[in-house]
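Chain nomenclature is as follows: A, B and C, assigned in order of appearance, with residue numbering initiated at 1 for each chain independently.
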C-alpha cells in the first residue's frame, strides 16, 4: 500500500468530520434560532433604538459574505479586543449570528402573517401584548415559518463548510486533508459532496414531515 | 372550402362535440350560436388545431388539420381572433401584427409593416402603432387582435367570442369592424353570443347544443317561426338571450 | 483598542483592483448562469423524461452541496483529467454552474407564468417552436425574472468571496493581503463587511430600477 492510498481509517476521519459539521450546525442553528426569535420579539414590542439597531445588524449580516464575517471574528477580534479566539469559538459566534439574522427575517414576516384584526380582537378582549404573542401569534407564526425555516437550515448547513477555511476540522476540512494526501480530488470531493447532500436531504425531509404534521393539526383545529 | 366532417371531441368522460358536420365556403359568414358549454369554442379550437380530434376530420382547402405535415398549410389559410385577445405583451401593436407574416410567410418586413400600418388605420388605431397592449383599452386590443389575424391574409377568419370580454361600448367598436369585413366579403366563422349582430351579418346560422349540431340554416330561415324557432331548444335560447 | 481606519488609505487602490476583479467575475458568472439557467429551464419543461430528470438532478445536486466543495472539486479535479485552467477561470465556471442551478428556477417560473393564451395565439399563427421560444417565451420570461435573477447576482457577489480560497485575489483576497500587511485585521474586515453590504444594496437598487424599466409596458393583459 502506497502512502497516498485510501485506508479504512479515512472512513473514521470522514465520520468525525461529518460529526463536527452536524454538531456545529445543530448548536449554531439553535443559538441562532433563540437570538433571531428574540430579535423578532423586540421588534414586535417596537422597543425604540434597539429595534432599528437590530434591523441594521441583521441587514449587515445578511448582505455580507460569511467568510468575511468569519475572518472578522477569527482574525479581527483577537487583534482588536486582545482576546483568545479558537477556530471553533469563531465558528460558533459567526454562524450563530449569521443564522440569527436570517431567522429574524423569517420571524418578522411570520409575525406579520398573522392578521392585524386578530391581534386587535385579542387586545380588545383584554389580553396583554405578551399573552397575544404567546397564545395568538406564536402558534400561527410557527406553522407559517416551517417552510422558510427548512430552506434556511438546508442553506446554513452548507454555510458551515466555510469554517474549514479557519481550520475547524469539519467535513470540508477533512476533505481538504484527504485531497492533499491521496491526490484523488474527484473521489474525495464527490464523497464529501455526497455526505453534505445526504445531510441536506435529511434536514429537508425532516422539515417536510414536521410541516405535514403541523398542517394536519391546524386543519383539524380549523374545522 | 372549410369542411368539418363528423367531428368528435371529448375531454375525459365528457363529450364536447358529438359528430359535428359543417361546411364554410369562401365568401360566407357563418355564425355559431349556442349556450355556454355547447362546444362552440371547442369547435373553433379543433379547426385551428389547438385540440386533437377524437374522431372525424377537419379539412381546410384540402389540408387535413389532423396531419402534422398538413397542419402548417391549414393554419396559413385560417387565422384566429381570441376572446381574451392574447396579444404578445412585450411587443408593440405593430410588432404584434408583423411577427407572423415575417416569420411564417417569410414576407419582407418593410412591406409587412406598411400593410400593418394600413390595417391599424382601417380600424382607427393609426396613433397606436407603437403602443404596447397594456396601454390599450379592451376594445382597442381586440381591434389589434383582428388586424393581427388579417395580416396573415387568411382565407378563413375564425372568431371565438371576440366581444365577450368587452363592455357594450367597446363591443360596438369591434362589431362595426366585423360588419365592414363581412361587407367586403371576408369569409368568417363566428362563434358568438351576439344574436342580433349574427342575424345582421351572417349568411347562415348554426346552432350547437351539448355538442350536437342542431340546425344549420340560412339566417332568415333560422329566425323564422317554422324554421329554427320550431326547435324548442332554439326558441328557449333566443328568448333567454333577449332577457339578458 | 482604537478604531483607526486611516491605516487603510494607502491600500484603497489595491482594494479597488480586488473590487474590480470581483465585479468582472460576477458579471461573467451571471452571464454563464443565465445561459445555463435558460438551457436547464428549457430542459425542465421538456417532453422527454430523461432530459427533465437530468435537469432536475443538476439543480438538486448543485443546490445541496456547499459551494466550497464544488469549487475544490473543479479546482483540484480538472488538472487531474488534463484540463489546466487558471484559478479565475475555474472560479467563474464554478460560480456559473452553481448560479445556473438557481437561475434556472427563476427563469422556469418566468416561463410557467406566461399566459397560455399567448402561446396558443403564436401556435395557431403558425410560428415554429423555435421562433415562439426566442421571440415570445424567452423575452417575457427574462423580463419577469429580473428580480429573482437579481437575487442570484447578489448571492453570487457574496459567494465570490470564497474564490479567495483558491488564490483568486478578488476583493476578499486582496483584503486578506492588506490584513496581513497592516496587522489590522479588525479594521480591514469590518470595512470589507460594510463594503460588501453597500455593494449588494446598490445592486439591489439597480435591479429594482431595471425591473421597473423593463416591465413598465408589461402590465396585466386583462381588459
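What we mean here is this: contacts are C-beta pairs under 8 Å (C-beta built on N, C-alpha and C of every residue); 3 or more make two chains touch, one makes a residue touch a chain.
Remember, predicted model here, so these are calculated numbers, not experimental data.
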Give me the two chains with the most inter-chain contact pairs.
A-C
Label of the chain whose CA centroid is most distant from the centroid of subunit C:
B
I'd like the most central chain, judged by C-alpha centroids against the all-protein C-alpha centroid.
C
Dist(centroid_CA(subunit A), centroid_CA(subunit C)) in Å evaluates to 23
Euclidean distance of C-alpha centroids - subunit A vs subunit B, Å:
58
What is the distance, in whole Å, between the centres of subunit B and subunit C, each centre taken as the mean of its C-alpha atoms?
46
Considering subunit B alone, which of its residues make contact with at least two other chains?
none
In the complex formed with subunit C, which residues of subunit A make contact?
59-60, 63-69, 71-72, 75-77, 79-82, 154, 157-162, 164-165, 172, 175-176, 179, 184-186, 189-190, 192-193, 196-197, 200-201
Of all residues in subunit C, which touch subunit B in the complex?
115, 117-118, 120-128, 131, 135-136, 139-140, 143, 217-223
Touching residues of subunit B toward subunit C in the complex: what are they?
48-50, 72, 75-76, 78-80, 82, 84-90, 99-100, 103-104, 132-135, 137-138, 141, 148, 152, 165-166, 170
Footprint of subunit A on subunit C - complex, ascending
1, 3, 61, 64-70, 72-73, 76-77, 80-81, 154, 158-159, 161-162, 164-165, 172, 175-176, 179, 183-190, 192-194, 196-197, 200-201
